[in-house]
Amino acid sequence: MSALLEVRSLSKAFGGLLAVSDVSLSVEQGEIFGLIGPNGAGKTTFFNMLTGMTRPTSGEVLFAGGAITGLRPEQVARLGVARTFQNIRLFAGLSVFDNVRIPRQSRERSGLWGNILGSPLASREERETSEAAWELLKLVNLTDRAMRPAGSLPYGDRRRLEIARALALAPRLLLLDEPAAGMNPSEKAGLADFIRQVRETFDLTVLLIEHNVPMVMGLCSRIAVLNFGERIAMGTPEEVQCDPKVVEAYLGAQKRDAAAAGEGACLHSTM
Amino acid sequence: MAAFFDLYGFLCIMILQQALLGYSLYFPLMAGQLSLASIGFYSLGGYVAAIMGTHPAFEAWRATLGWLMIPLEWLAALLLSVVLAVAVGLPALRLRGIYLALATIAFVQVLNVVVLNMPIAGGAVGIFGIPQAFESRFAYIWFFGPLLLLTILFTLRLERSAAGRNFMAVREDELAAGAMGVRTTANKVLAFVIGCALAGVVGAMSAPFLNTWNARQGTFDAGVACLAYVLIGGSRSKWGPLLGAALLVALPEVLRPLKDSRLILNGMVLVLACVYMPRGIAGLFAGRRA
Amino acid sequence: MSRMLSVLALVLSLAVPALAENVASPIPIGFAVAQTTNVALFGQEQVNGAKIAEEYLNSLGGVNGTPIRMVYQDTGGDEAGAVNAFQNLITQGKVVGIIGPTLSQQAFAANPIADRAKVPVVGPSNTAKGIPQIGEYVGRISAPMTVVAPNSLKKALALNPKIKNVAVLFAQNDAFSASETGIFQEAIKGLGLNIVTIQRFQTTDTDFTTQVTAVLGENVDLVVISGLAADSGNLVKQLRQLGYTGIIVGGNGLNSPNMFPVCGALCQDILVAQAYSPEAAAEVNRVFVEKFTAAYKKGPAQFSAQAFAAVQVIVEALKKVEATAKKKITAMELTEVRTALNKALRTGSYVTPLGEISMNAEGEVEQKDFYVSQIKMDADGKSGKFTLLPR
Amino acid sequence: MTLAWFLQNLLNGLSMGSVYAIFALGYTLVFSILGIINFAHGAVFTLGAYLTYLLSVGQFGINGLLAGWQLPFTLPFPLALLAGAGLSGLAGMAVERLAFKPLRARQADALLALVSSLGVALILVNLIQYLFGAEIYSYPSDVLGSLPPAFIFKVGGKPVAVRTVQIVLFVVSLVMLAALAWFIHGTKAGKALRATAENQDTASLLGINVDAFILGTFFVSGLLGGLSGTLIGVSFGLSGPYFGVAYGLKALAVIVLGGLGSIPGAVLGGLVIGLGEAFLPPDLSSYKEAVAYALLFVILLVRPQGLLGGTTEQKV
Amino acid sequence: MLALDDVTLAYGPVVAVEGVSLTVEQGEIVTLIGANGAGKTTILRAVSRLIKPRKGSVAFMGRDLAGLTPDKVVRLGLAHSPEGRQVLARLSVLENLELGAYVRSDAAGVAEDLERMFGLFPRLRERQRQAAGTLSGGEQQMLAIARALMSRPRLLLLDEPSLGLAPIIVEEIFEIITALNREGTTILLVEQNAHLAMQAAHRAYVLEAGRLVVSGDARALMDDERVKRAYLG
């Protein structure tokens, strides 16, 4: 396995506030990597820097061996990095189908005039895009609502659509920002299965932000923990869950002392 | 029917012409950009045609090319508009919403002052006696009609193509569009340039139509009127600019019997239209269908 | 909307009978000026003048006994509005001729319509170069100010022979002012004076401190202004308040009682070049001023006088048409009257409040008398008058 | 580049800038609370000037529908000024009820408010024209009492002159600004207003009557507009019902330059544009009209939130 | 104290809540649980009249709320701490708290309550001059609750007080909620974290897709198989 994504000493300061401070990590090809941490720990800022939405103050991001620091979001996306958003950012007024077609279009070579005049290339690409998008809608069971505006879907469907939309980019790396937010435990379990299945089917690498510790523990091969912008721990779920620093961040100082004393005060992988 | 066209023929052409200006704002709006720059490009295009049509420096061209001079004027207006639109659009489109609108207003105001100071543009009185393409004003339907038809066809095709979906993705959520590989800046500039180029050509067609061109063509009021066409017509419908222009251009004429109080009523209709047709005239039809 | 328009079209096509009809009685004369938008200041003055003319000329029997009727259509301030107003007058108003529009820019757009329909147009206030050349049916009674500018400068020199340094200010967005200033500048150079600064402003400006500061910075002993009443009034007021004491010469745009409320007592002694003076001697002018003042409690502005003159010229030409055709206008076909009127307009001369004027074959006005007046304000500074200076 | 020249331009710039600023305050207040530009503000400004004129002089002119009419009474100028401003405030409230509230209630596209407020502006301006005519009205020259028209002093042998009206405008705008700043930062109602500006739902959950505050804001905005309209009218006369329009557009440049929704920003923006115009070299006076917009264009590109604007999300 | 009778709520054409009836008695903590999008927040918004019911009635202290605006409801003694920590970011912490007492005119009582809030949330005292937007998520949540309490409400509506907070802070906040209740404040609590909510509450209502499916004593519900599987994991 080789590192698909490598982050070197990434930092971001907003005004005087260090939102992310000197974070390094590397994600191997094919793994599901978890990024956890309490609210305000800098996880989303970290994602934004990976995807070109926020310019890092310092540090470097390498994707498949090439530097992507400072690229614009669409450039990063076109290199094969797709993401979802914590608060779901679908193209709410457009149809479900169009939501999935739009990322797929980024590979098309025909331009405006080809599109307008209906050149053979444009027609072929339009067909291919639509077919590929349809396949993805099948995967997430949304074909029956393909022509409805995305904003009218119920919450769970919107989450799934957003993942389908990210997959339409045919990414090599999929970044999921709190995909289980607002789901009940049974839905969460279903989502974990879905992520595993997607990774297999599309030969993906997944980097996942999650608040829900048990889900991360069950799903990820490795985990990094952020707190106040710093990486306080990294390793397998087992290594991380009893790390005193992690326990303190999540459960408080008392529990940390207990953990340090080996009294089994770990983050539970089930709740 | 002949009497109707004698009386309202000019008005009908005005509706087509103004609708085209409405479309020139529709494209940037399709990509979520509220621009009022069109009127500036309209003014610019008009000057290009007026200067090429009257300035002694182009005498030889006119003599050689004959009627071909007219499409050449369109082309010149188009090219100049595209170049200037890219130059203005690249920096200005970093702004959003009302800020972009204000920046484009500023651009139009500055352009107006600059034009007023350019000797070639004829100062305050502007340029007049622009060679006519047709005897009758109504015959200008052969300019504006096909252009409007092409524009609507273009819009139809655009909405159903990848290019149009890219625009709409930027409109719906620029950040997400970028994350999904849509070249946001390029698409915004493209939408802006299409609009500006259209406005430039409409200007070039309008200079002979009005027979005169001056700095009063590119005022803020005229620019806002174009926006009103789109919004009152329905900003999410390809028919919006046409419907809006039809209503708002015809209204003062329909109200003519009211004499000098007609603009009061015109204002009332604007307000009522906003309140009772928040999705525009096109929205009424859509609502009925649903 | 389109359905509504087509219904409208149907109704209108039924309502409007075919052509080849006689002139209505009273004889309709079109009057298309800016009654709305920010040009309305002038348009309203024009309408005021026309109303006086209509009433007065009808009291004299109209056209040999047939009264006239002014048909007013608002042009707004833009070209499209002027075209629509003209269309309306031509096809619905069935007018024998049109007076209008207010602005030269509008004339360039609207007059070709009338020309093509063979309806004579008399421009009451279009002073730009090229208006009569628009077409055979286009003429005007408003003189471009080529003669008068040097006159007023000479008066200034007579008042103060030591004048050397001149500041020129003009409204660059006003077609008339922009061309008038060129004539002024030529004349200033011709008199051997120095133009030390040229300052531009907009007719919409109210604050002129920038321009005034520039003038005050240069030892100026004559200020020459080409602008319209509101802006020039403010300019004069600010020049005076900030300490300018020299002579002020104003162009024709300042020839308006609208100046008085703006600069008040500070309007005093401005020399104004005039194409019309309420004090001019002609009998018709005396009557006009009297009737106007009775109706509006203030003296007429040049725009009103020109509008009056335009109506008068058309009525007198219509009389000539009757004389030539030897039948009543109302017994003639509309198209015939229009053509005949256009021809009649261009023959002979007319004694109007503007003095004796005539139109040459091209339709260009030839005006005999121009004036230079000095503004004399009343003691309260609220009203004043243009006192004619001896020629 | 003498000292006198510099001082003269400084005075001119500050005075004109303060005019822009007080005009812009009314815009910025409404923007800060609704996130919408009220295009009818210029018309309310004009209305204020006309109303004060009517109340203090009592006479209509010769052209409008009411030509030749007279009010049965007249008020002394200061009273007329206050009454005119108060009535403009009411007109501001009417604008809110006509052009903004119905759209808010229907959750219409915020852009529509732009058009509907323009519609109201069209109504107001043409109503003024319909009633008063398009002619020029002017306040009697003695409204400022027995003050001399201008103060002229010498600096380094060169005269520096400033009109009394300029000083009055400058002082009044400073007073208005101070009053507004005190109201917004020093009173309970001001706090509630800021809360409403930030989040209407949250404000209403705190017991703040959001609707009343919005209406109140329009009243204050209209009041400021009417007051500044009158003061500018005193300085320059009322050159027709459209005389507020040119200011309206320039004031847009002012508030964006200073930062949309920022009250000190409106003042700073006004002064910057006033000074920018004043210090324009005399040879370039023909480009004076472009100064405000050129500055606006540049500032938007360099610092989109304006000079003093926070990086807050815009609502439109 | 609070009674909803057959309430249906909709955003435009989308019905969010249908035919819901529930009550909250004096002195209780009642919790509404359910998946995201089930309509919990919508119900709270209807109680404080941010949205108007399409059907049914809401009564507070025996008075029908129909026709009232939110600010009037607050004056009746209801406080609503909205979802997502809606602090007024540009105002200072102190100003936020003062505005919480906007409807009150007893200056002495307000000052006393301010002290009480600073006692409950010492961190807010430290930061009272800071703009509320610069507080951390947990601090903002505390401020939102404290602000709601400043009106001395008879009924407090709490929307997702634990959302996005670290467990350690969540615990702290729930301790305060139960303490408040012991002091006499009636609370209607909407909470994602069903576990915590049920522990704190006396009674619970379970909402699924806009309809009430189960209700009853909180402790008892925690043993309900269905609830357990769906919400407690």
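Which chain is which? They are A, B, C, D and E, in the order written, and residues in each are numbered from 1.
Keep this in mind: a residue touches a chain if its C-beta (ideal position, glycine included) is under 8 Å from a C-beta of that chain, and two chains touch if they have at least 3 such contacts.
From a predicted model like this one, the values you see are computed outputs, not experimental measurements.
Common partners of subunit A and subunit B, by the touch rule above, are absent. Hopping across touching chains, the smallest step count from subunit D to subunit E is 1. When chain centres are defined as mean Cα coordinates, E lies farthest from subunit B.
If each chain is reduced to the centroid of its CA atoms, subunit B and subunit D end up 31 Å from each other.
If you average the CA atoms of subunit C and of subunit E, the two centres end up 73 Å from each other. In subunit C, the residues that reach two or more other chains under the touch definition are 36-37, 40, 172. Annotation for subunit B: residues 116-117, 260, 263 touch two or more other chains. Multi-chain contact residues of subunit D, defined as those touching 2 or more other chains: 126, 129, 286, 289.
Chains that are in contact with each other form these pairs: A-B, A-E, B-C, B-D, C-D, D-E.
The touching residues of subunit D, counted against subunit C in their complex, run 5, 8-9, 12, 15-16, 19, 62-63, 68, 126, 129, 133-138, 140-141, 149-150, 152, 158-159, 161-163, 166, 232, 235-237, 239-240, 242-243, 245-246, 277-278, 280, 282, 285-286, 288-289.
Within the complex formed with subunit B, the residues of subunit A that make contact are 51-53, 72-74, 77-78, 82-83, 85, 89-94, 98, 101-103, 105-106, 108, 110-112, 115-118, 122, 125-126, 129, 165-166, 168-169.
Only residues 14, 35-37, 136-138, 164-168, 171, 192, 195, 209, 229-233 of subunit E touch subunit A when the two sit together in their complex. Residues 1-4, 6-12, 14, 116-117, 123-126, 128-129, 132, 135-137, 210-212, 214-216, 222, 243, 246-247, 250, 252-254, 256, 259-260, 262-263, 281 of subunit B touch subunit C in their complex. For subunit D in complex with subunit E, the residues that touch the partner chain are 188, 191-192, 194-195, 198-199, 201-211, 310, 312.
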